[in-house]
Each structure stands twice: as structure tokens, then as C-alpha cells.
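Take a look at the structures below.
Here come two complexes built around subunit A, the first alongside subunit B, the second alongside subunit C.
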Partner chain A sequence: MDPTQLLLQAGVGDWEFVWRQRQFFVDGTWLAVKLTFFSMLLGFVVGLPAGVVEAYGGRYSKGVVRPLGVVVRGTPILVIISLTYFAFGVSPAFVAATLALGVRSAAYQSQIFRGAIESVESGQMEAARAVGLSKLDAIRHVVLPQALRRSVPGFQNEFTIVLKDTSIAYAIGVAELLKRSYDLFSIQTTAALEVFLAASLIYFVLTFTVNRGIEQLHDRVAIPGGNQ
Partner chain B sequence: MSDFNRRTFIKSVGGTGVALTLAGCTGGGDGDGSTTTGTTASGDTTTTADVTTITPGTASGFPPFEFVNDSGDLVGFDVDLLSAVVERTDGYELGSWEDLEFNQLIVALDNGNIDVAAAAMTINDERDQTIDFSDPYYDANQAVLVREGGSFRPESKSDLADRPLGAQSGTTGKDQLDSLVEDGTISNSQANTYENYVLAVQDLVNRNIDAVIVDTPVAETFVANRNVVVSFTIETGEQYGFGVRENASDLQTALNEGLQAVQDDGTYADLTEEWFASE
Partner chain C sequence: MTDPLLDVDDVHQSYGEETVLEGISFEMERQDVKVLVGPSGSGKSTMLRCINRLTDIDDGDISLDGDSIYDLDVNDLRRQVGMVFQDFNLFAHLTALENVTLGLKRVLDYGEREAVEKAAWQLEAVGLREQADSYPAELSGGQKQRVGIARALAMDPKLMLFDEPTSALDPELIGEVLEVMRELADEGMTMLVVTHEMGFAKQAATDVLFLDDGKLVEQGPPEQLFENPEHDRTAAFLSRLTKLHGGQ
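Presenting the complex of A and B:
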């Protein structure tokens, strides 16, 4: 069906209903934001070291990190989240969702950081070692400060993905935005379209503002005279 | 007919409730008596001073059995009934509700995320193989919903031939779709499944499918709220029961006694009146 026709069909009363029940969206949005924040944080804390290991690790550390990353990246998020909650019995559901989204994000973030690290010319590492820095210090003080700056665009992408994937937590009963939307149009079943539109608008606004914010951060921390 | 329920229903259930015992419980009586039932990593089952807290699970979006109301609270016939039943048991109290997808309830029971499922769940052989059921507490059939203004008015299953139909996945309505596919009435691609009956009815109203097969009590709710009507009813004679883990026969017995108690003291009739009497 033609989308404009669908919009015209949408009764005014259903929009009033959405507005009257805005608390549902506020609650759902807040939960989605919390899920995103903690998942991204966990993803960063685990993903950054994993990225460093993938770039500089020895045979054994790489041998552990790389296959793990491949397995996690190769598993659908719905499977990961169901396994965490139902099979491993992580409870409450919010923790299970954060853990699942966080681990998945770590696997993706490790590749973002690995790519950024490998983009730093190898000559810099050699120079740092030549002036007497240990390998670890060279990574920490020379390579990472540049690599982290270059990873901002990839990180931005990852943030958008995680935010929207929080809706998967619906499967284990976490009352985030999508679950709240389902609750809502079960009360007023004619309002399904309006509720979905309102939820998409919220996802869009969240993604847009945070992306703008990261963009500004990117400009501010850009390597002076770099990337040219 | 669609107006079969209410008082007639209350009477029939009140009367036959006793006779219908044990329809859903096959051989789950042994292997019990230990304290291991339901204690898992999630730690949902805690025993303190002979009172066991059980975690109930449901799948909202199935009014009037279970749905989230205007204030964001989980309410419904099942919610009230289970609370009343558990109140009348010895040694059990109800913890906070887990609201999952209907599909996931049996998995959640098996893995100890929840201890009892109250979700208008029909007792059938397939489910009975993995979980156990309490005594039946509600009778239902399958209603075939069609658009109110449309000319399509099927009167039997054969009238559904070669029509796109819909149901919610994991439900007994979906089983009806499957059997229609099996006997060749409709093709595989004409059997549409949805995560939620609200979406199935929306698709019906949007003219993408021609009928939705759904439990009769829920069909009534849709008839009241949407431009749909019940065209005919498939007499499946199904019954809802509370789902419990296999071998959790202590809990099963307690729930059955509780069900008996609420039927005897009139609470059951009050609840049916409250949740199904809104025309």
C-alpha cells in the first residue's frame, strides 16, 4: 500500500492516544539509552584491548582473541541474547541484554580499533622503540592516541547499530522502546502505525543527536594537520 | 456462535472443572521431593521459612488474558487468577512477573527463568511433552476473523481454500494454519505468522490477508475494537492451563488445589465477570 495513503488513514484520535501515553515512550527510551550506554561501555572496555591484541599480539594471545571474535561476530544477536538469558541463566534480563549486546559490540569494536591501529604508519612504532620506549609504552603513548582519533567514524557507526539493536532485548522481556510500543498498541489496536512511527522518530532523534555530538568530538580531537 | 461464553461458560467451567482434572498432567509425578526444583543460576526460586517464591511468566498483548494497561501495569484475567490461586496455596508466594514472547515461555520454564506460565496456554500433547500443566481453567475454540465490510464470509474450513490467512506464531491458531497447509487447503506461502495478534489483525484490516485464526475470547476483544467480525468458529474444544516445569509435581498439585479453591469460593466467577463482561 502507498505510504501516504497509510498516513492519511491514521486517525487523529490515534495520535492523541500516542501523546496521552507518552510516558510509555519516555520509559522505553530511557531503558534503550541505558542499554546502549552500558553495552557500548562494555564493548569499549573489552574491544579496545582485543583490538590491540589483534594488531600487536603474539601467536597465543592472537590465537585466543581472533577465533573468539569470529565466533561472536558470526552469531546473530538474537541467538546471543537468548543464549545469555535462557541457557546461561544470566538474570535479571536487563543485565543479560547488556552483556549480550556488550560482548557483541566488543567483537565489532575490536575490528574498528584494529583497523585504526594498523592505519598508523609502522615507522612510528619503530621510531618510538628507537628512542627507548618499551613496546607497551609505544602503543600507549604513540600509536593509540592517533588510532583512537581515527576510530571515531567507525565508533559512530557502531553506536548507531547498538542503539537500534537494543530493540532485540524485547525477546527476553526487557521493556525497552519496542516492547513498550507493543504494549501500547495492544491497548489501542488501531494505533499500530502511529506507535511505530513515534518509536522510529525517537530512534531517529537519538541517533541524529548523538551522531552530531560524536561528529563535533571528532572535529575537536582531530590530529592537527593529520589525515591529509 | 460467538456469544457462547459468559454465564453459560461460568456454569460449565464451575461444574466441569472438577471432572476435567488431570487432562494435562501425564506421568510427571516422580522424581520429585528434592529441593532442586527450579533453583538455577538465575536464583529465581528462593526458599525461606517454608514459603517458596515462584516467578510467574506471561506474554502480554493478549487481552483480556494478559496485557499492559494505560498506566503501564501488567494486568488481565490470567494475572489476577494466578495471584488468587497462589494465595490459596500452602507454601508458595508469587514473585514479580516476567513478560516474555509467547514462543519463549516454554524455553523459559525449562531453563528456570520462570516457574509457572500463565498465558492463556492451551494444553496440548506437543507442549505436554516438554512441560506439565495444571488442571484446565478456561475453555476456548478457534475463531476465524474476517473484515467487517468485506464480502468474504467463510462458513467452514474448506471455504478458506487458497486464501492468505494469518495467526500468531507458537499459538494453537498457528497449528490450525499448519493443518490447513498440510491438507492442501492453502499453500505454504499463504500461511502468514506474526509476532503478535494485533499485527495479524492489522494486516487483515489492511487487506493483505483474508482471515485471522485466533482463540475465541481474544477474537471477541478484536471484534469490539476493530472492523472485524467472527465468520465462523472451529470447534477445537481446547483448554487453557498453567504451565509448570516437568516433574514439578509439588507446585502442580498446589496450583490444582488453589484452582479448586478459587472455583469453590466464587473468586473464579468474579474474575470471569470482571474481565469478560465488557460488551
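Presenting the complex of A and C:
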């Protein structure tokens, strides 16, 4: 049906319904934020070293990390989350969802960091080694500070995807934003548009504000005179 | 008798199928300034990179102060051998001062204050006191290269390697870098320099080495190589280079 038609048909009462349930939304939002934060964190803690290994690792370390990433990236998130909760029995559901989203994010973040590391001119590593820095010190003090700055746009993308994909946790019963929207919709079926519009508005405001925040941080750490 | 500072002994090097160096031998005494010249692809840069092990050799040996460089810890070797790059390779996220302090702190274990003091002094020595807090992107090419020299010198190297230090510079900026290199030579630094600047070779070099096709064709004091070379190839190459880069 035409959306404007829907709007016209929907009674004011359905918006009131949404407003009255605002605390229910807020709790779901808070859960989505926590899911996002912890899975991004897990994704970073695992994904950064994985990216370094993919860029600089030896044959064996790459031989382990690379196929793992390929498998995880090739598996639908719904399958990963179901496996984690139902097959591997991780509980409570919030932990299972965080783990699943985090592992998936690690697989993607590793590629963001690998790409950023490889974009740092090889002369930077060479000059650091020529001064006498060990490879690890050169990575830590010369390559990574530049690579991390360059990975911000990719990281913003990843954040946006993870935040929206927290809604998948609905599949294992985590009462995040989308799950709660379904619950409300089943109580008042006429309020479909209002309920889901409110949920998507919340997702949008979250992605928008956090992305602006990351951009400001990016500007603040930008290299003076540089083009990144 | 003491060992020469640098002893390059019958060095062979190849990248896969392609042979780059075919039995290069030469020695450097302390305070020598040797200039490596030769057509592009003759193996000059590779020769330099073998000395601080950025490139590994296939055969032969290189000794620094009597020790084979393969018996030394690679990071310790590199601390003793400074390198200046054609493209500067300054650490882009660090100020001029921090470019110099990084090695002092991470390799020589200097404390923050000592490192800053030494780096500031080193930058002043290359005429960049005012630019200490500038980032590489805010510096001219000549200033960048002087930071590159200061970064290498701060480690108190026994030997300095220069890999075409002025080739990426606008002509009007070459002079300031050569000036710093000349001063360094006058102070007695041992230097191995790949360059096309024949003016520098004539004024500052104790010897000029002519490399062609991976072989050392000829070496000798600049006046001998420029005025009275043994080989026609040397004569032809040097006269062409002098016409192009005779300057200063």
C-alpha cells in the first residue's frame, strides 16, 4: 500500500501508543547500544592483530588467520548467531549475540586494518628498520599510527553495519530494539508503521550521531598538512 | 694494523633470475667519502641496501669494523649505519623533532628529556631549529631531507649511507642538502654516497666508484676518474653526467 495512504489511515492513537511505550523503546535501544559496543570492541581486539598478521605475518600465521576470516565472512550472521546460541550453547543470549556479532566484526575489521596497513608506504617501514627499530616496534610506532588514522572511514562503515545487525539478536530472543518493536506491533497491530518507523528513527539517530562523533575525532587526530 | 671500517668482499646479489651485483669488492677507511656512480640499474642502491641488510646478499661478505654484518644483530648493525633515502621516508605522523627522537628512545633507550635535547641539537646542526615542531607535510623537500639526515646522525652511526639524497629535490633545494653533506664530510664522517651530483663528488669525495651492470668498473680519486679514467665506459659516463649535473 502507498505509504501516504498508510499514514492517513493510521490513527493518532497509534503514535500515542508508541509514546506511551517509550521506556520500552529506550530499554531496547540501550541493549542495542551495549551489543554494538561490546561486539565492536571484541571485533577490534581480535581484528587488529588479525589485520597485522595478514599484512606482515609469516606463511603459517597467515595460513591460519586468512582462511578463518574467509569462512566467517562467508557465513550469514543469522547462521553464526544460531550456531553460537543453539549449537555451541553459549548463554545467556546477550553473550551469545555479542560473541557472534564480535567474531563476525573481527573478520571484517581485520580487512579494514589490513588494507590500511598495506596503504602505508613501504618506505615508512624501511626507514624505521634502517634506524634500528625491531619489526614489532616499527609496526607499533610507525605503521599503525598512520594505518589507524586511515582506517576510520572503514571503521565507520563497520560500526553502522554492526549497530543495525544487532537487530538479528532478535532471532535468539534478545530483547533489543527490533524484538521489542515486534512485541509492540503484536499488541497493537494497527500501529505497524508507527512502531517500525520509531525503531528505524532510533537506529538512524544513533548511527548519525556516532558517525559525526567519529569524524570529529578523526579531524582532531589528523596529521597536520597531511591529506588523511 | 686495524681493520677497515667497511670491507665489501666479492658481493653477489640477485633478485630471482636477475643478477644485480656480480662480485663487488671495495674497502672504506674511517673518514673516507666514497661516491658511487653508474647508470640506473647498475646496482648502486642495491649495494647500499646490502650494507645495512635491507637486502640480503647471495655470496661474498661485508664487514663493519672487522665483524661480518651477518654476525651482528641486525638492529644493532642498523644503529651503527645511518641511511638517507631518496624519498626522505620521514615518519609522516611525527614532527621533525619526533622523527629524530623515535630511534633515540626505542633503539638507544634514551629518556624523553635526553632524547629531545639531543634531537633538538641535531636539528639545529642541520639548520632546522625553527622547524622542530613542523610535520613532514609542512616542510619543503630540502628541509625534509635535512630532517632525514638528522634522524640518521642522531644515532651516532659509524657510517652514513646516502641513496640519491638529492634526486627527488627541486633544483633550487639541492644546494642546502649538499651543503649539510659537505659539512658532515669535513667533520670526518665516513660516507658512502650514491649521487649524480658531480660537483659534490669532485669537492668532497676521497674516491669515486664507477659501477656498471653489477660490476665495479673502476675506482680512484675524483681527479683521476674525471681527468684520466682507465676505461672508455667511465669516461663516457662521467662526461655525460658532468654535463647534466656538474653544478656547484
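The criterion applied here is as follows: the second predicted complex is superposed on the first by the 227 of 228 C-alpha atoms of A that agree within 3 Å, B and C clash if a C-alpha of one lies under 4 Å from a C-alpha of the other, contacts with A are read in each partner's own complex, and residues count from 1 in each chain.
Simple rule for what comes next: contacts are C-beta pairs under 8 Å (C-beta built on N, C-alpha and C of every residue); 3 or more make two chains touch, one makes a residue touch a chain.
Predicted model, so just to flag it, every value in this text is computed and none were measured.
Superposition model on subunit A: subunit B and subunit C are shown accommodated side by side without a clash. The wider contact with subunit A, measured as residues touched, comes from B rather than the other of subunit B and subunit C. Contacts of A:141 after superposition on the shared chain: subunit C is touched, whereas subunit B is not. Touch criterion met: A:187 reaches subunit B, while subunit C stays clear of it. By the document's definition of touching, of the two partners only subunit B reaches A:93; subunit C does not. In the superposition on chain A, contact of A:118 is made with neither subunit B nor subunit C. Applying the stated contact rule after C-alpha superposition, one finds that A:173 touches subunit B and leaves subunit C untouched. Rounded to the nearest 10, the angle made at the CA centre of subunit A by the CA centres of subunit B and subunit C in the overlaid structures is 160 degrees.
Superposition on chain A places subunit B within reach of subunit C only down to 47 Å, the least C-alpha distance between them. Residues 1, 21, 23-24, 27, 82, 85-91, 93, 170-173, 175, 179, 182-190, 192-193 of subunit A are the ones touching subunit B in the complex. Residues 52, 54, 75-76, 78-79, 82-83, 85, 87, 89-93, 102-103, 106-107, 134-138, 148, 151-152, 155 of subunit C are the ones that touch subunit A when the two sit in their complex. Only residues 40-44, 60-63, 67-70, 72, 98-101, 104, 107-108, 111-113, 196, 198-199, 201-202, 206, 222, 225-226 of subunit B touch subunit A when the two sit together in their complex. Listing the residues of subunit A that touch subunit C in their complex gives 121, 123-124, 126-134, 137, 141-142, 145-146, 149, 223-227.
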